[in-house]
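Pasting the structures here.
Here subunit A shows up in two complexes: once beside subunit B, once beside subunit C.
After this line comes the complex of A and B, so read on.
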């Protein structure tokens, strides 16, 4: 008993060391300068600026809109922008091309390690880089609106918020991994990536606007997907507008559970298919 | 009695490929209703390898060499038959199995492209749980043997093919695998580099008593390294044994190389030479029984400047072996 516990601890320790190394490798690998990078940042700043000014103009007469005060709406925009980096930031998109070009075999399958863990750790590199650029960008926006943002004071609120974000990070990873596994079956992988990764994920998670400004039927439909629990509900909770955060946690846990099963299954089948076509 | 480290029993492997008729119509048709064709990559092959054995796989492109290696390392699933490597089923991908093997493929890379090889070595140290001290010793030795001291801190993409291959080998050997699969490890390398890699593989096999399976298009590689060869042809094993055995098949034949001063007149030549006439150099494959008469005739010809008699080169032996199979 004591022995298994010890070997388990050792295993955890090894995986953490491995995770750290993978994180550093992915970080260096991503930081190789790409012009693309710069455009992406510019796009993000323009997006943030335009959405901020749009809401500012709507709030001109001083009354609340859709149950949000001006202060809370600006807080929503800023926190969603930050969370987008932390939660949605990912390197796991690269898994699909890795499957396609055969690198999966010689870089990943041949080593005695847990491949999901490997990609999860690499995700954190993408998140760090996103955050590195996002912080000044968001600060800039906050500066423009004169720091009129709404922050909760309760420590418990922040604690629950962190748990929500952590669960959202895990779900996002599983979701991206599943999408990328389409590389086992489909020649072109940008289509599912675009549809799921950008359209569904970003709109339905509330990147562009708080979801509760939509007609209630739309809201109901969207709340049946996992996406609003990634950004929208955590930020809404921070704004004090979610009465039972534990149900959000529960829903996220259920989605994580389901996604993990799907992922396992697809992975196993994918490897077999890969094999049938000569991978 | 040495134990078998690799056993393969009645292994078959099929691939599905999509058959498409030419043209737009064919493309649309195959989009709606893809027609699959089954290619039999391996057909009922069996063999076993002992600890420390170095075996060469020979076969034309598409014969099934790489497929065999991929199945042995657990990367592909067999359709029929049984495979055990180090007592394990490779496809289960047990960590205890994966950490005792390595697979190097000439044109595939396990090194991170943008980063120096050193980063990959550090990663492997953690993945294979090699203690720091041991790791340092092994790395130093490998770096020294392969003469890559100055290279391992350069980004991999800056390295030439040969330099990269050496760095790949280091990555594959840091954990000292008991079973090593090498698929065309010398492809695209110059002769000097080929020799170096060959010597290195030989040394590793001798020192670590590792089982090595090697494929190569360069017969020199195999001739020098492998004690035993397995020839695969159209998914089947057509020969399995030591080099001598296959050489003996053809030992009745000799290669005679002749250098001429002047062109030989057709009318002066014995019948069987006429179709082979060339200038200034001729290569004749001759049966031993014909050798004496040929030599005595050649010695009387003033056109002959020089001549040499050799055993058949290995490429020729293999070529003939295939030809024989076809007939």
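After this line comes the complex of A and C, so read on.
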């Protein structure tokens, strides 16, 4: 019994060391093309500027819009921009080409690694870079535009918010991993990634606008998908507009459970169809 | 010119054949494009409808800006997609093979990979735009229509100049520069009337990536809101940009060294 516990502890320790190393390598990889990296940051700024000024001009007369005051709408935009980096930032897009070009064999399959853990650690590199640069970018825009951000004071609210974000991070990882597994069967892995990982994920998670401005039938349809629970509901909760955060947590847990099952199944089936040619 | 058109038609056919061969992804791409278009359309209409105007434009006119942005975006994606693949051509050393062909040296980097998938959505968009303009009586006169068409073609030349500059930078730098994405993000700022931005940003959108010339001017021209001097300025700016881009390309090409082994 003692021996099993010790070996388990050792395994956890090894995984943590592996995770740390993978995280650092992924971090270094991101800075290989520095100029390109700078341009990527600029892209975020342009997007944020565009959305911010759109809402600012809509709020010129000062009255509320769709139940949002100007302050709350701008807080929504700022927090969605921040959460977009933390929740949606990922490196799992690289998994599909790795499967397609056969690198999966010698980079992952022959090593005693848990593949999901490897990509999860690399994901965190993408997320931490995004967060590190997004914070000053977002507050810089808030400063030049000159608006104040609405923040809740309750510690419990922040605690629940962190739980929601953490669950959203896990779901996003599983979901993007599942999309990348399409590389086992599809030649054109960019297509599902573009439709599900960019278009549907970004629009239905509320990156461009709060989903509750849409007609109620559209909202009902969108709420049946997992996407609104990644950004829209966590930020709405922070704004004090979600009465029952526990139902959001429960829905997220169900989606995580389902995604984990699908991921495991697809991974097993994918490995059965997988073949790579050496050279 | 005839030879270039013939070569372009040939690469377009090849691109089409390539995309038909791998049919797996095209329908997901089209579905994604349609969903994004409809949801953004609905969003713009809903928010502007609430206020009845955005920067002085009625909801219908705001939608018109969005449609013109989409039209130009699709047209440039269809025509100039080659720039996105040019770096790969360079690092594999295959650009040498294109330089010995009896075609302009910029043909392959800019026009080499027409994106037919984007073109699929082009025709329905034109039909929708025509119906939308007719239904809402947006275009007040033939001269406004003519100005719009003229400035739309002018915008294509301006976009060509930008893509050629990006291709030139690809030759000069070993970095995987995503300048085309910067171009796309800045032009995407033109999906709303650019009057919503403060002066400093409008200046950037005029002189760095001329989104205002590319999208706002044609959209305003169709609505009969663009004074004639602006048409002249846009034309002049395009001539200067195209000439500058061609000069820059020649200069960059002289510094090209093959990467092949």
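Please note the rule applied: the second predicted complex is superposed on the first by the 260 of 279 C-alpha atoms of A that agree within 3 Å, B and C clash if a C-alpha of one lies under 4 Å from a C-alpha of the other, contacts with A are read in each partner's own complex, and residues count from 1 in each chain.
Heads up, the rule we're going with is that contacts are C-beta pairs under 8 Å (C-beta built on N, C-alpha and C of every residue); 3 or more make two chains touch, one makes a residue touch a chain.
Treat the numbers as computed from the prediction; the structure is a model and nothing was measured.
*Asks:* When the two structures are laid over each other on subunit A, do subunit B and subunit C clash or fit?
*Replies:* Taken together on subunit A, subunit C would fit alongside subunit B, as the superposition shows.
*Asks:* Touch test for A:22: subunit B only (first), subunit C only (second), both, or neither?
*Replies:* first
*Asks:* Of the partners subunit B and subunit C, which touch A:254 in the superposed model: first, second, both, neither?
*Replies:* Neither partner.
*Asks:* Just to be sure I read the superposition right, which of the two partners does A:195 touch: subunit B = first, subunit C = second, or both, or neither?
*Replies:* second
*Asks:* Among the partners subunit B and subunit C, which is in contact with a greater number of residues of subunit A?
*Replies:* C
*Asks:* Now for A:275: first (subunit B), second (subunit C), both, or neither, which partner does it touch?
*Replies:* After superposition on chain A, A:275 lies in contact with subunit B alone.
*Asks:* Scan A:9 for contacts with subunit B and subunit C and give back first, second, both or neither.
*Replies:* Neither subunit B nor subunit C is touched by A:9.
*Asks:* Have a look at where A:109 lands relative to subunit B and subunit C in the superposition and call it first, second, both or neither.
*Replies:* After superposing on A, A:109 lies in contact with subunit B but is clear of subunit C.
*Asks:* Please compute the subunit B to subunit A to subunit C angle from C-alpha centroids in the superposed arrangement, rounded to the nearest 10 degrees.
*Replies:* 90
*Asks:* Of all C-alpha distances between subunit B and subunit C after superposition, which is the least, in Å?
*Replies:* For subunit B and subunit C in the superposition, the minimum C-alpha gap reads 6 Å.
*Asks:* Name, in rising order, each residue of subunit B that touches subunit A in their complex.
*Replies:* 14-17, 41, 67, 70, 73-77, 93, 95-99, 101-103, 105, 108-110, 112, 114-115, 119, 122-124, 126-129
*Asks:* If we count contacts the way the header does, which residues on subunit A are in touch with subunit C in the complex?
*Replies:* Going through subunit A, the ones touching subunit C are 33-36, 39-40, 42-43, 46-47, 49-50, 53-54, 56-58, 61, 65-66, 186-188, 190-192, 194-195, 198-200, 203, 208-209, 213-214, 218.
*Asks:* Okay, in this complex, where on subunit C does subunit A touch?
*Replies:* 22, 24-26, 28-29, 31-33, 35-36, 39-40, 42-43, 46-48, 50-51, 54-55, 173, 175-179, 181-182, 185-186, 188-189, 192, 196-198, 201
*Asks:* Give the list of subunit A residues in touch with subunit B in this complex.
*Replies:* Contact set of subunit A toward subunit B: 14, 17-18, 21-22, 25, 28-29, 32, 102-103, 105-107, 109-113, 271-272, 275-279.
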